[in-house]
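Got some structures for you, see below.
Presented sequentially are two complexes of chain A, the first with chain B as partner and the second with chain C.
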Partner chain A sequence: MTERPRVAFFDFTGCEGDQLQVVNLEERLFDLVEVVEVVSFREAMSEHSDDYEIAFIEGSVVTAHDEERLAGIRENADVVVALGSCAAFGGINAIRNDQDFETVTERVYGDDADMIEANPEARPIESVVEVDATIPGCPIDREEFVQVVTGLIRGVEPTLPNHPVCVECKLEENECAFHRDEICLGPVTRGGCGADCVGEGTHCWGCRGMVDTPSEDAYTAVLEEHGLDAEEIVEQYQLYWGWQRPERATQEEAQ
Partner chain B sequence: MSETIDIESEYVTRVEGHGNIVVNVADGEVETCEWQVVESPRFFESMLVGRDWTEAHHVTARICAICSISHTTASLKATEAAMGVDLSAQDERLRKLALYAETLQSHVLHLGYLALPDLVGKQSVLPILDSHEAEVEAVVRLHRLGNDLTEAIAGRSVHAQRHLPGGFSKLPDEDELDALRTRLESAWSDVELVADLLVELSDELPDFERETEFISLTHPDEYAFYDGTLYSSDTGELDVEDYREIVDEVVVEQSTAKFTSHARESYMVGALARLNNNFEQLGPMAKAVADRFGLEPGSHNPYLNNVAQLVEIAHLIETSIVELDTLLDGGLDPQPDYHTPDVEVEAGTGIGAVEVPRGVLFHEYTYDEDGEITDANCVIPTNQNHANIQQDMEELVPTILDRPEDEIELTLEMLVRAYDPCISCSTHYLDVEFVDE
Partner chain C sequence: MTVRAVADSSVGRVDGMKTLAKSEFETLIDGLIDDDPRSVVGPQRRSGQYVFEELDSAADLALEYDLTALSPKKYLLPQYEQLLTYERTDGEYEMHAGTDTEGVIIVGVHPYDLAAIEHLDKVHIDTMGDEPYRKRREDSLLIGLTMQSVAPESFAASMGAATTDSGYDLLVTDIGDRFVVDIGSFEGNELLADLDTHSASHSEVQEVRRIEDDLRGRFERELQFPPEELPTLLAEHYDDMEFWESYAEQCLSCGSCNMVCPTCYCFQVETVRDLGGDSGYQQRSWDGCLLEEFASVAQGENFREEVAQRHRHRFMRKGLYVYERYGDVSCVGCGRCTRHCVADVADPTDVYNDLWEATNA
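After this line comes the complex of A and B, so read on.
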């Protein structure tokens, strides 16, 4: 990687919240452009170049055109980073993966449903191209983004925490959602956010995705106490895992 | 300038999402002039079906990040209307403040990061930093202020964490609100700086007028954002209940995004529509800003939407200070930690209509007796503006054919950007194409 790498941002199907989090670095955005050269960032600039080393990709893959475009980006970039949960594992878009696709298009477009071109499933970018680093979250955490960028410049191998949100929740000394008679996805969700939503008074919705192997990595103490197991809450209470859940099941079966 | 125009430029950048402008001129005659929106569909209305009443606002926040609080608010209002949930005066005030703060953030982003570069003749805000450092710093400070105020109330500025049906899971810290109030007071000098620059550049805004219909909410007591009845500049007050007929969505051949129309072929929503319909209710500072540009109710130049956003920035600051004073006077009524408001789950249908940065937004849900959604409909402002953009283009293009190609292209791109379309909600491709025959 060059000393001041050329970076580009691309958005696929998503809310563009992860790019907004980058803009929300406010003054620090101007510091960031000292250490990297932004050559494409459609949300904030008109310039565009296909000559870049790091590609940050936001959003899921939902059309054949998305697949082609993504493959092209992979060819141009040395490093591809999945930015946010939609790109990382399908995220909220994958809710519809559990629904019959014909019903889905009809509900939204009625008689004009056949004018809509889309794949029956919303998928993460790793279903199309190889991904070098992942920043999960819905939206991404600004600090985590800065850390990953700094790491990439220094050539540090990117890592993802694999402890459940519960671990951080205990450290924060929050009152456990289960004690308050709420269902929380913290026991099976990948940590790294400091159990943010619990701290804000609710529960974990699972936005950072599942831990690698829920049956092994889950924080079972909390679950057992309330007569639940990892399997059950993965199957019944998730919002974000419409792609990840069946995918994990296949993987675990193969092992 | 040749008689035949053929411009093909990929992606109109600096709008949230993509679309396509196709203009085709042969022998001085306009043959095609289309605003095409090619949707990369997200299917939210289907995704909501089967979701629980506690989840709808969480899911719909993800329709669009720039206006995520707006979607959250419309969503909660729809759920609350369906189940007959009342909000306390304090919670309603907090909801309003979060909405104002997000709108401030969104307007500043659009004006400062996305529209200003056009006027200065630059490609992004970065090169402007050299020539207009003080103004760019003011833009960044105002943007941060909007975000910080949202964060203080919602927990996070992108995708709120504390908003719940019937209230909030956690109350903001009073000292933090107090500090934000002080920052709002001192934001005037930043607004002035941006206004000075925009006044200086206002000659760059194309002088183009086309009479159209303006639709927005209106409220007897305030410049409507959070609540109100519908109002059309053509036909007067309208019932929110009738919103489906009013927006009359159609899928058109050239675009996979839906187009809308009401009293005429198209109508406009957003800052300019609100300003035209509710001008008298703007605060004194906002009116003073409008005065500097000679902006008055009855303005039919869509490019002035940028100025209307600046006027609203002033208004939002004024009105937020007033709301904060009311909240902080006597202190916030406390609530328990990890608060879950009481909601009696019942079957029913409810509509939530809210004025959001880009215009009036509707969410409508039907719930069954278990509190699961059986039917959902969301009408976003950007879709309501598509037909108006199309009509503007048809009238504008023939009048500017004598200009150089790149100038035509920029003028059209600026037109689209003036509407501040947030196409990511529903759509994904914005190109300008001048097709050769």
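After this line comes the complex of A and C, so read on.
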């Protein structure tokens, strides 16, 4: 990597909230552009170049055109980073993955539904290209983004925390959402967020994806214990993990 | 810190007891809040639970608490602690010890948490020479409190930690309309110097004893055998994987039991770099043996890959490994792990009693 690597941001299917988090770094953006040269960032500037070393990619892959475009970016970039949950593991877009595609398009586009050409499943970018680093979150944590950039520039092997949100809740002394009679996905969700949602009085929705080896059976038993039926449990799992969870199951079976 | 000097000092238990009005105790705490450079912390009610937090006023103390979320360990061994900072100037790296080692005045510590701190002292001061811990500990004051409420999850009496006669600078017992204070150290004695106190009468001392005796009978959970049996019992059942797996099947492996434990002290160290690359810091933070990464090392090897191995390790550690190394069973029976386990498989009395029954049935 060069002394001041050239970086580019790209958006696929998503809300662009992760790039917004980067813009929201505000004065720290000045520190950032000291160490990298931003050559493409539609949400923040009008210039564009295809000459870059690091590509940050937000959003999931939902069309054949997405796949082509993504492959092109992969060819240009030395390092590809999945930015946010949609790019990292499909995210919220994958809610529709287990629903009938025609019904989904009709519900969203009404009479114009037949103009929509898309894949039946929303997928993370790793299902199309090789990914070098991942920054999950909905939206991403700005500090984690800065740490990943720092690591990439300094040649540090990127890692992701692999403890569940519970750890951070305990360290912060948040009252457990289950003690408040709420359902919380914290016990099987990847931490690193500081357990902000629980700290603010609500619960974890699983936005950072599942930990590497979630104790899913044990966790399902906990949800049953709290009165959820099978359908409600799947609903909990489906909000963010519509691609990730079935994919995990397939991989486990293959082993 | 004068804690362990106390045991053989001339400040005996009965001789050291003073009685004071509750308002006098509040005067003491408010005085410390106003005048002592150290933080004064104590149990307070916060959104559905009790936590040790910095005090604004003695009136905020929730002395009726049963169990706090975290133990006061967090003041001696903080959740996150900057160990060093580094900076590069003209190509040369310079490192500085980065940790804040100021002591704390901790008010309202229950006997089981005092016992946990005595154990941590043994590990960090006597054995490992952990400087940040030692400095904080020596600069801190512990004002103990005889339990007024017993948590339904607690079994401290079984572990001999429902009451204590060591590990504190002062130990306060509420005998109704006034407090009886046992003096545990020279510094503790100094605290009382300007207050209106009198030597506890025989009947007041008797009342403290009665409260303590009564307290030991108020626990809903208990170990069915003396804790001294634990090391042998656990050693016998190390290979009983069927037993450990039966628990592990329900375990979320979330590490909550580790995080809330007053005697767990494992940590990890990470380097946080500044963007420019010329500076940064190293920080240690609490780690837990139930977490998947805990025993993983370079090249991807993980010595305890299975949840059952990690689940077993936790119980072995508390009742056998630490005993072998330090001569203590490192569970004080506070019940925090039981309270915070979402899957309800962390209760040491469940696990240990099951093992006992399996052996002695």
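Rule of thumb we're sticking to: the second predicted complex is superposed on the first by the 232 of 255 C-alpha atoms of A that agree within 3 Å, B and C clash if a C-alpha of one lies under 4 Å from a C-alpha of the other, contacts with A are read in each partner's own complex, and residues count from 1 in each chain.
Everything below uses one rule, namely that a contact is a pair of C-beta atoms (placed from the backbone, for glycine too) under 8 Å apart; a residue touches a chain by one contact, two chains touch by 3 or more.
Here the structure is a predicted model, which is why all the values come from computation and not from measurement.
Colleague: May I ask you to decide whether A:67 touches chain B, chain C, both, or neither, giving the answer as first, second, both or neither?
Modeller: Once the two structures are laid over each other on A, A:67 reaches no partner at all.
Colleague: Just to be sure I read the superposition right, which of the two partners does A:45 touch: chain B = first, chain C = second, or both, or neither?
Modeller: The first partner, chain B, only.
Colleague: Is A:32 contacted by the first partner chain B, the second partner chain C, both or neither?
Modeller: In the superposed model, A:32 contacts chain C only, not chain B.
Colleague: In the superposed arrangement, which partner chain does A:170 touch: chain B (first), chain C (second), both, or neither?
Modeller: A:170 sits against chain C, while chain B stays out of touch.
Colleague: In the overlay, answer first, second, both or neither for which of chain B and chain C A:162 touches.
Modeller: In the superposed model, A:162 contacts chain C only, not chain B.
Colleague: Answer with first, second, both or neither: which of chain B and chain C does A:196 touch in the superposed model?
Modeller: So A:196 only meets chain B here.
Colleague: Applying the touch criterion given at the start, work out whether A:14 contacts chain B, chain C, both or neither, answering first, second, both or neither.
Modeller: first
Colleague: Scan A:105 for contacts with chain B and chain C and give back first, second, both or neither.
Modeller: first
Colleague: So, A:146: does it touch chain B (first), chain C (second), both, or neither?
Modeller: After superposition on chain A, A:146 lies in contact with chain C alone.
Colleague: Which residues would you name on chain A as touching chain B in one complex and chain C in the other?
Modeller: Residues common to the chain A contacts of chain C and of chain B are 175, 180, 201, listed in rising order.
Colleague: Report the residues of chain B in contact with chain A in the complex, numbered from low to high.
Modeller: 10-11, 13-14, 16-18, 39-47, 49-51, 55, 58-59, 62-66, 68, 109, 113-114, 117, 123-126, 129, 140, 143-144, 147, 155-159, 161-162, 164, 168-170, 251, 256, 337-340, 424-425, 428
Colleague: Touching chain C in the complex: which residues of chain A?
Modeller: Listed in rising order, the residues are 31-32, 34-35, 146-147, 149-151, 153-154, 156, 162-164, 166-167, 169-171, 173, 175-176, 178-180, 186-188, 201, 211-213, 215, 217-219, 221-222.
Colleague: Can you check the complex and tell me which residues of chain A touch chain B?
Modeller: 11-18, 20-21, 23-24, 26-27, 30, 33, 41-48, 62-63, 66, 91-93, 95-96, 99, 103-105, 107-109, 112, 115-116, 118, 138-139, 175, 177, 180, 182, 196-197, 200-202, 205, 239
Colleague: Mind listing the chain C positions that touch chain A in their complex?
Modeller: 46-49, 51, 69-70, 79-80, 249-256, 259-260, 272-277, 285-286, 288, 291-293, 307, 340, 342-343
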